[in-house]
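Two complexes come next, and they have one chain in common, subunit A, joined by subunit B in the first and subunit C in the second.
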Partner chain A sequence: MTHASGDLLPYQGERGGSAQKKQGMLQGLMRSQATFAWLLIAPAALYLVLVVAWPLVETVRLSFTNANIGGEAYIGTANYEKLLSSRKLGQTVSRTFYWMFLSVSFKIIFGLIGATLLNAAIPGRALFRMLVMPPWIVPVAIGCFGWLWLYNGHFGIISGALQYVGILDGPFEFLAYKQSAFYSAVVTDVWVGLPMVTIFMLAAMQGVPRDLYEAAYVDGASRWYRFRRITIPQILPVIITMSILSIIWTFNSFEIIWILTEGGPRSATTTLIIDTYKMAIANFKFGQGAARAVIVVTLLSVFSLVYLFALHQIKKRFEAA
Partner chain B sequence: MMDRYSLPHKVFLYFCVVLFLGFILLPFFEMFMTSLRPLEHLFRSPYQFWSDDFSFKAYSQMWETVPMLPRYIANSMLISISVTALALAFVIPAAYAYARFDFKGKSLSLGIFLAVNMFSGAVLLIPLYKLLRNYGLLNTYFAMIVPGAAFLVPMGIWLLKSYLEKIPRELEEAAFMDGASRLYTLRRVVLPLAVPGLIVVGVAVFLSAYAQQFLFAITFNSVKEFMPLPAGILEFIGYQSVKWNQMMAASIVGILPVLVIFLFLQRYLVAGLTAGAIKE
Partner chain C sequence: MRTKLLFAAAAGAGAMMAAASAQSAELHFIRCGDNGLDEDRKVIAAFEAANPGNTVNMESLPWGTCQDKSLKLASAGSPPSVSYMGSRTLKQLADNNLVVDVKISEDQQKAYQPGVLNTVSYRDKFWGFPRAFSTKGLFLNCDIFEEAGLACEAPKTWDEMYAAAKTIKDKTGKAGVGLTGKDFDNTMHQFLNYLYSNGGQVIDPSTNEITLDSKNTLETLKFYGKLVEVAQEGPTAFERTQVRDLFNDNKVGMYIDGPWARGQHKEGITTKAAPIPAGPSGVSGTLLITDSLAVFKGSGHEELAMEFARMMTTGDSQYTLDKPDGWGLTPILKYEELGYEKPYYMDDPYWAVFVDSIPTGGPEPLFVDYKAMQTTINSMIQGIILKDDTAENLVAIAAEELEEFK
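Showing the complex of A and B:
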């Protein structure tokens, strides 16, 4: 970047004639500061340009070709036309949004409930806080193999327990039917994402100044009132951050569905990411896969912009208050 | 006073905690129980909650069923450690720059870094595949290390930056005024002070690297010798039957290291991870 950018920075040290000499020195220091900072950032930036930015550009380019294992040729917008005219895309997109909506809502609601429980002053809470974490740190794939076994109709514990209490009158293969496979995948996705949401909300709750609660308590406010009128507004930025991060991760979520159902049965769990992967990697249709990836990236960018906008609004409201 | 709960209230709270943790821990509990049962007991219908001959046999048999198992575990470790080292090499200088200096384009470039978090590897698989193939890295450890590290760099920068910002500037300024070069100051003054933060960031990156290996492994690597554990345990799924008890035993052995690391460092990790997000 530019060498002279240091000149543009306002001098922030103490003022006055005696500082004249010092100011000259600091100016020199500042000037090299920008260069030095960019030198420090350069390796990370170059690495990400190579491994993330370039592939992103390449994905866009490939989406206009018929690239496959044999070669590639420019075919204009044919991939997109094919994609947009097929009825499947609409189904996949709405399924993806439904998947995202369910999973994120459950993560946020149960995250709030969990954080409230773990924040309550009851004996054992240090232990409880620790016991929440495992799904977050354990490899997602391994957790999913565990769920795969749990969902087994004949030998899994869920079907077994439901038969035992009489809800089911025979073995039920959760992953074999369209509806149940979809909701099972949602449950597993919630399981993977819930610990992190819970812990972040808990940290936010711990950061709420205690005197707010004490003042409300003295005024006779009930627990529920305090939760609604103090906790929720105070941790709202974190709720929003966690919502958008969950949206992005759920949208990108690949391993869970892939291990449980590979997108089946009969596409019932095929989200956009799974569709992209199937097309590109399993069928070697790179061009058509890339067109799907571009749609995914576009949607992700929209989510992120909405997020930035929401955070900005909240900040403004906080500053106004 | 405010925090005191009545008895029914307390019972209700504990009841909810048990439900909540029950959901979180159920798969681990069942994985463990499954690993203790003989295979023929697993395939009994209707499901039986109790078995009369629990044993740790699966934990010794699994090494025979999948002879490469130790190699898979070692691969997982090797890949995670390499990803951590590579990511930290990029993260440390960049985080320092963002924590200490003001320069034009600072917040914009930081925002771009964080935007990388938006993409999972899954979207970029096609060009990454081509990229790795062009450099001859497909089917090597690097096929899993290079993309793995890239997606963790932004998180690392963000975490370490928040930590470095808490270290007082005075020491650096003193060293700098004494004529030490900037790089020397970073190496000899800042880094030693930042060791606790570096450990938190390093462990967070390591845990994430350990958790995310599956996708890159099944897509960019087909060589058995290089497979990490999450992909390697697929071998328990045979043509005839799935050796679920041994597969679960191997899974438990595979997650034990990360659980132990986490157990020891959880307090620092949680504080470090949440600090950046909560500060605002």
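Showing the complex of A and C:
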């Protein structure tokens, strides 16, 4: 034993040393693993710093300057003060939210209706599912130029058709008036965004277990009741997710309005993002444009936080289930 | 000894090369549109022959982007040497120290048509070489006039113009007049044609005072609003080329355009050009618009660039651009006084419409922030078209806003 112990002693000693060595190696490995991990994510991190963080910091910096084509100088919060004291800002913000509310509401409502119809066992269902895709597939700019022609009062098909059926007694320029230009832009935005919402909701509906419907059917539940009490609760996470993503995309929607109206007439379709572009890029007032961009980013961050919170709640709900 | 000679020869060659490289330059020239490229190439060849070792890199860009590209390059610190710019941008460029003032000889100054140099003048200096000049006239579609039972005679006053437009509208259902109202430069330009024909102005160039809020502007804006009743549907969706399309489709009886329009009207329709009708407080006038070649600061060879711009804007080079088979512009120089035998506009009633109105024309207003100025005036015009407010309020608001941009 002693011998053994004696034998063991140096061994134990060696073992103790080995453990220390191993621990050291482990720490080294962990360190090297951490280093390795950092090495792996470094390109992505660098990319994010270059294309997201740095422009963001630069935008915030510019917002405190009077940067224009002639140069720049620090002017403190003057851009923000000017912006916040402008009566046009309030109008632009409320117009942006109204635009967002209308567009997102229509996308969600029609997306839900469309998905329900596409989910129904009707002949030619596959064809209809395919037909819903083009607005999503066609590049937005090309689609918008198509709508530009449709809305033309003198050559467009909408005005022509309405004259043909007697609703209009002459050509009507949809993009020439404040109200009609705004709602025309909403229609186009819904047209562009609807297919994705529909497809996502359709996918969610197809994931609802059939036995829930069968049980409800056996219990005598009507179609409407089954839709309200089974379909909607089951696809609610997708509805919430799509709503929040649609809010972000619609808030940020630029090309549709720009191609159709450039924000006119008389700013009737100028949303925050259009206003920012006009100020910074079209008018070369980079400082004032940057102040608007900071407001846009702040609002988008709020929407993103809501989105992350909603995702978290949905995840918790599923884990509990 | 041989080694020393070789060394001396090499040193000499090196010094010559260095000197040559110090003197040689590549000028970056931005021009707009693709019309007249060959003529510009000829001038470039002549310039390069006259300045050995120096070259010109010509970049021809579409009309919608050429000016913005030059501004962006300048603001990024790598300006073009020479660029084609609307003269309305010169005040902003000069105030931001982006262009150099150009030297135009006394003789050359005398050769320009009246009013042309006013469009490039600011702080008693010239900030660009005038390159393209236009005045405007009223075009009549005689076929529509006849369809409405009217003789194809040009209205001389606003009252006559409105009466003719109303008759066309009532008798044919077609638009009596084509109006522009889109947020575009030529909406402001069209309005200024009427304003200058009613004795008004936007800014007094001598005092830099905003003079928009006047009886003359008020009358003009009210008349513009009145024309909406007899114009094509939805003027706020139209800019000049779109109105021209309607004119070519026999849907509009009259509209305002430049001298180049004759070549862009559809064959088969009978047209007539006439001076802009006079308002109640003025005489027939026109907007004098020029585009210029601006010499940007910071290229390192401004003097050479100025020499190149001077070559482009004088003599045959300028005449070739102006004449009908070039760009078809109002003559920017008094060619008859420069020894040109029977220039294209002499003894031609069509060209008389565009040349005779020069003395009563007014310049495109020069503002430090010309885009904001344009947006403000367009908003005022759209306001009366859409009946958003009274003419009095619209003019007062616009005049107040313009104070910030002068």
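FYI, the second predicted complex is superposed on the first by the 272 of 321 C-alpha atoms of A that agree within 3 Å, B and C clash if a C-alpha of one lies under 4 Å from a C-alpha of the other, contacts with A are read in each partner's own complex, and residues count from 1 in each chain.
Methods note: contacts are C-beta pairs under 8 Å (C-beta built on N, C-alpha and C of every residue); 3 or more make two chains touch, one makes a residue touch a chain.
Please read all numbers here as calculations on a predicted model, not as lab measurements.
Of the two partner chains, subunit C is the only one that A:Y177 touches; subunit B does not reach it. Within the superposed three-chain model, A:A203 lies in touch with subunit B and out of touch with subunit C [touch as defined at top].
Look at A:N68: by the touch rule set out above, it reaches subunit C but stays clear of subunit B. Here subunit B and subunit C are compared by how many residues of subunit A each touches, and B touches more. Of the two partner chains, both subunit B and subunit C are touched by A:H154.
In the superposition on chain A, no contact is made by A:V306 with either subunit B or subunit C.
In the superposition on chain A, A:I109 makes contact with neither subunit B nor subunit C. Within the superposed three-chain model, A:V238 lies in touch with subunit B and out of touch with subunit C [touch as defined at top].
After overlaying the two complexes on the shared chain, residue contacts for A:N283 are found with subunit C alone; subunit B is out of touch. Within subunit A, the residues touching subunit B in one complex and subunit C in the other are 154, 171. For subunit A in complex with subunit C, the touching residues are 68-71, 152-154, 170-173, 175-178, 262-267, 282-284. Touching subunit A in their complex are the following residues of subunit C: 71, 74-75, 92-93, 95-98, 173, 181-183, 232-238, 246, 251, 369, 371-372, 379, 382-383, 386, 388. Against subunit B, in their complex, subunit A makes its touches with residues 1-2, 5-6, 8-9, 29, 32-34, 36-38, 40-41, 43-45, 47-48, 50-52, 54-56, 58-59, 62, 67, 110, 113-114, 117-118, 120-122, 128, 130-135, 137-143, 145-147, 149-150, 154-157, 159-161, 163-164, 171, 191, 194-195, 199-200, 203-204, 207, 213-214, 217, 237-238, 241, 248-249, 252, 254-255, 259, 273, 276-277, 280-281, 286, 289-290, 293, 296-297, 300-301, 303-304, 315.
Listing the residues of subunit B that touch subunit A in their complex gives 1-3, 5, 10, 13-14, 16-17, 20-21, 23-28, 30-31, 34, 42-49, 89-91, 93-94, 96-98, 100-106, 109, 113, 115-120, 122-131, 146-147, 149-151, 153-154, 157, 176, 182, 207, 210-215, 219, 229-231, 233, 244, 247-248, 251, 254-255, 258-259, 262-263, 266, 270, 273-274, 277-278, 280.
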